[in-house]
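The structure is given below, and queries will be raised subsequently.
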Amino acid sequence: MAHQRVAVIGASGYGGLQTLRLLHQHPHLEVSFLGGERSSGKRWSELNPFLPLKGDPVVQAPDPDAVAAAADMAVLSLPNGLAATLAPALLERGVKVVDLSADYRYRSLSQWMEVYASEARDRPRQDSDLCAEAVYGLVEWKAEAIAAARLIAAPGCFPTASLLALLPFLKQGLIEPNGIIIDAKTGTSGGGRAAKEHLLLAEASEAVAPYGVVGHRHTSEIEQLASEVAGSPITLQFTPHLMPMVRGLLATVYCRLRDPGLTAADCSTMLSSAYRGSPTVQVLPVGTYPSTKWVRQTNRALLSVQVDNRSGQLIVMSAIDNLIKGQAGQGVQCLNLMAGLDAQTGLPLLPFYP
Amino acid sequence: MAHQRVAVIGASGYGGLQTLRLLHQHPHLEVSFLGGERSSGKRWSELNPFLPLKGDPVVQAPDPDAVAAAADMAVLSLPNGLAATLAPALLERGVKVVDLSADYRYRSLSQWMEVYASEARDRPRQDSDLCAEAVYGLVEWKAEAIAAARLIAAPGCFPTASLLALLPFLKQGLIEPNGIIIDAKTGTSGGGRAAKEHLLLAEASEAVAPYGVVGHRHTSEIEQLASEVAGSPITLQFTPHLMPMVRGLLATVYCRLRDPGLTAADCSTMLSSAYRGSPTVQVLPVGTYPSTKWVRQTNRALLSVQVDNRSGQLIVMSAIDNLIKGQAGQGVQCLNLMAGLDAQTGLPLLPFYP
Amino acid sequence: MAHQRVAVIGASGYGGLQTLRLLHQHPHLEVSFLGGERSSGKRWSELNPFLPLKGDPVVQAPDPDAVAAAADMAVLSLPNGLAATLAPALLERGVKVVDLSADYRYRSLSQWMEVYASEARDRPRQDSDLCAEAVYGLVEWKAEAIAAARLIAAPGCFPTASLLALLPFLKQGLIEPNGIIIDAKTGTSGGGRAAKEHLLLAEASEAVAPYGVVGHRHTSEIEQLASEVAGSPITLQFTPHLMPMVRGLLATVYCRLRDPGLTAADCSTMLSSAYRGSPTVQVLPVGTYPSTKWVRQTNRALLSVQVDNRSGQLIVMSAIDNLIKGQAGQGVQCLNLMAGLDAQTGLPLLPFYP
Amino acid sequence: MAHQRVAVIGASGYGGLQTLRLLHQHPHLEVSFLGGERSSGKRWSELNPFLPLKGDPVVQAPDPDAVAAAADMAVLSLPNGLAATLAPALLERGVKVVDLSADYRYRSLSQWMEVYASEARDRPRQDSDLCAEAVYGLVEWKAEAIAAARLIAAPGCFPTASLLALLPFLKQGLIEPNGIIIDAKTGTSGGGRAAKEHLLLAEASEAVAPYGVVGHRHTSEIEQLASEVAGSPITLQFTPHLMPMVRGLLATVYCRLRDPGLTAADCSTMLSSAYRGSPTVQVLPVGTYPSTKWVRQTNRALLSVQVDNRSGQLIVMSAIDNLIKGQAGQGVQCLNLMAGLDAQTGLPLLPFYP
């Protein structure tokens, strides 16, 4: 088949870098446009000497006409609030868009404006039609809609790990809809490449701490899809923790079984069959628990379940690479589906261990 | 006052090393006997050149008569099952014992034999009287009994962090006794100094993973004291996770308020007053969350609370240094109390940040 | 072309795991035999659940007949001294061998017996003919001989990084042959996967230390090839340091220019032209210095030079991934050449940054 | 004796935080003034909740009159170029000054203006008299002058580790004055607490890289004192490397013995006797090499020597905590001497291992 041309906007951030790395070895997609604001006009090799690109391109300002002339699809890896200033113009020009930010993750613009209030103040938006149109890019649950879409809101890293663990049980009605607790742990690369004091090695190393306790933005994003799949409103607890490592994300999900007679083996079987067709998601044997190290540099999610027979408590563990399955890899899966390819085309499944 | 002489048995392990480091600057306790099995007969400076001790003593086999001749009190930092082979003989000879292992943490020997089945097989015990006599060394909750005791079972690092967070709420009856979830994160030094593949830097670095999910030994240890303080049997969920760092332990405790009208400020006030007399425990302002980095190299526990008003969920966060407040520092607090000193005597409260 | 069948012996160690990971995506080589001593008889997925292999094979004892029946070539990733017990039998049966250990790195068996004295005591050898026959597998300097060989001694990680930096200058006679100093820094995975106390995360994290100062085994290995290329005996200083990281190796090489008028630009140009034909080796612009992070998960070596005009001192910096270009990747390059392929076939050149 | 009152200016940076932590347990010095620019007017506990200070003081702007009213001595922990705007006014008001920056490390202002050209442009200076007056605060070599001084330029972390290793050999004339090479390795806290992209955990973790190769500012600082002690101009090579750890600094120093017959034992004996009176400096037995982990949280320097008999090469290894003996601890030593106390008063010598 003919190659599809892809623009990567925001190329020097971690999302952009991962996207470039993944597309570099892709059999059917090729990067045809490198866009960036701060780095516009600079040669790529000066910015990122560690990632040589063919032809050593110059980074360009993301002018919609220029992007449309060069690319069929665009990946936007920009700070929240910025994608919405670019996506409409790209769509008008026929460029399909995969947005890695939060701008189109809510079906309702007003909810976005509430959750991302400061971004909404800085850059007023009126594209509620696009919010309604955008497809939430959780590939294993929205493949058909993604394949037909022209605008994808790729999920955040926390929602991806959490929802992959939770949705099969909600869909089957196996767990109580209330009292769900997600205790999540992420590497510092989730905070992006911009310099922030609390993400310095000297600060974040030898440190584990919670943040955004109660009311973290990803709570509502998780609740939105959880409610949709459960068929009724879900209110849950989501607590992120910062880990002293570069990449990787583990969600430990606690919920209560409706039928306390179910065993871990039962739940594991159910989970495996829910993801039978998805090479991206693997369910580990009961008693083997996922390490974030096992999924680094891969687009794979590892799940495992355990049950406390004393209380009917179900624990679902879910590990991903926050920058691949939690960001750029899922973005490439969306590109693949939009290009008529298998979702997993060209994506790595095995880690370079250790 | 006269100095008390302390024997440290198991001096080269992490618990022993920390104990020596802490006693090194203690105004009233002095180390008078260094005991070890594998290292017996060796000069200290050959074993641990980084921690010079006055007189560069030779490590001795922990013969009860020799220990009793040299010391008033002994800290046992030995693998589970070994302390019980030594403690009875020391007590007979009038040496007070602080045991850092799990051997005397259960009031019932038969429960210990169930939870530590393999250790019980390797080294049969019949000292159920000592199990019943031993005082659980959680200093902020057992100070009076500790001061009067001759055998202390110092709590594990996970129970210490978890119980400090949980007990005030259980005692006041502010939370539902069921559905309590403890999601705990620990540095790798908690696994000890003996070489194990999964604790190699190459394996444990850039990795976050759960282990011992459902049924970890510390679950029953936590439940024992929680039930005692609550006045009714508590069954809870405890899930430890291994973190890519040397030291530090964070417990994130989830429970449900009985009165959903309580605010985080209410809960914080209550928690502060529960620990008013304890310089070791500090409650952070609502909205400030503890990092394990803030308590490294200290005997301090940092607590913080948050409440989700939507659901009445209470989250209590608790950070300690697993080797100090979670092990050797708590042991020294017990020595202090047994010697008639303030619990906190000679112990560090401020970290060397960063 | 027809696929070549490869046996990997010592599959669960880091060298074996990397080899499997690299061959997994190789277009022309396929793993047809998994060998291991300790793990023999076990299913792969039980041993290494994080690296699923097609068909989930059972690890087998490395019986020479079984290996020969299954494979055309074998990679031996075994402790020093063990390869020499297996390689002769494999060669007799027509299996070509790439040995990742030190067993065949010296042309003279007696030198090996001197340098690896304890291994020589444990397992006496008499295969001095094979020592003389074996080709040192430094691909960029021995490609022709490797392609024609049946026994390859793949270089150690330190010699690879050091020699790539040093050889062009020695060959051209640009530097003084004496006074060369190599200060090398390695991640802990270089110490292998077996549990050792000093490689525990709790010990090796937040620690930088030299080891094997004066007389480290790799000194003589480096001197052997340096002398061969220089055409006269070279005695140099090699000091390894252990770094608190998993993988990566940096060699900082200090030497004196014969002609103090040479600039960094001159030296950089010379170095670039020495490696013009090698996609594996890249010379960075003067003033850009290599980070080990830039080569992780790649088979690439990054070099850079700087000159102190005051003294005519030349500094050559060389970064590799110790487990890929420093071990398994170089092994696969040798397999490629022996199979008539381009050396770089199927090997990754770009990192997953960060 | 009466307590001396100390002002700490730049309290929230790493140098300031360490100084506060060290003075917190000091028997004779007490912090009486907390100064800062950006944080002026804020309560300490809001800025640094992890380091509670007695009375929870408000940080003040460093007005010279206010400082002089409150303190006898001042520690300046400010960016290069800023101390020189404050020190003259403090000295005029009778406040003795220990400056942790580079502003007074050169006897000649014009050399400072050359080496710190951009700082000199931003903030023109004319205090060449103070440059000439200031005493270089390398305690083990300048104790007498420090005790009598009113202005101390505390050395940088690299010069401290390097000079402690080198000076005894230069003074005794045991090594060749040319060809000296210092390969130094530092943790990222040496770069300060201000947010910089390359010091992010995601960037600096799993990374080792050289920087400032040839011409790093500390080269001339080291050469200045080395030349003074040697009695003739020394030109040497200094190459710093950034390590993936928070704190710690190792200098590996390579030089050539004038008398190739000297053994490592000879050199070790000489080194030990040079530091006989300094509890801060410890020489390890030949064959034991210092780890930065052994000196963390201490004011100790660990030295060790090795000799290659083949070439007469001497290797001196030197490990310090970059923030204590390399910065704040050395500053406190200077305060001690200026206050008539033993240099080591109140400073920690043992690490919290691991």
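The letters A, B, C and D name the chains in turn, as written, and every chain counts its residues from 1.
As a working rule, contacts are C-beta pairs under 8 Å (C-beta built on N, C-alpha and C of every residue); 3 or more make two chains touch, one makes a residue touch a chain.
Everything numeric here is computed off the predicted structure, so don't read it as measured data.
Q: Kindly list the shared contact partners of chain B and chain C, in label order.
A: A, D
Q: Could you work out which chain's C-alpha centre is the most distant one from the centre of chain B?
A: C
Q: Looking at A-C and C-D, which pair shares more C-beta contacts?
A: The greater number of contacts lies at C-D.
Q: Between chain C and chain D, what is the separation of their C-alpha centroids in Å?
A: Here the centre of chain D sits 39 Å away from the centre of chain C.
Q: Please compute the C-alpha centroid of chain A, do the same for chain C, then give the distance between them in whole Å.
A: Centres of chain A and chain C (C-alpha means) sit 37 Å apart.
Q: If a residue has to touch 2 or more other chains to count, which residues of chain C qualify?
A: Each of 14, 187, 189, 193, 202-203, 205-206, 244-247, 291, 293, 296, 354 in chain C touches at least two other chains.
Q: Applying the document's contact rule, which stretches of chain C touch chain A when the two form their complex?
A: 14, 17-18, 21, 24, 48-52, 189, 193, 205-206, 246-247, 282, 284-285, 288, 291, 293-297, 302, 324, 349-354
Q: Flag every residue of chain B that touches chain C in the complex, lowest number first.
A: My answer: residues 14, 187-189, 191, 193-197, 199-206, 244-247.
Q: Would you pull the chain B residues touching chain A in the complex into a rising list?
A: Counting only chain B, the residues touching chain A are 178-179, 181, 183, 185, 187, 202-203, 205-211, 213-215, 235, 237, 239, 241, 243-248, 250, 252, 254, 256, 289-293, 296, 306-308, 310-311, 313, 315, 317, 319, 354.
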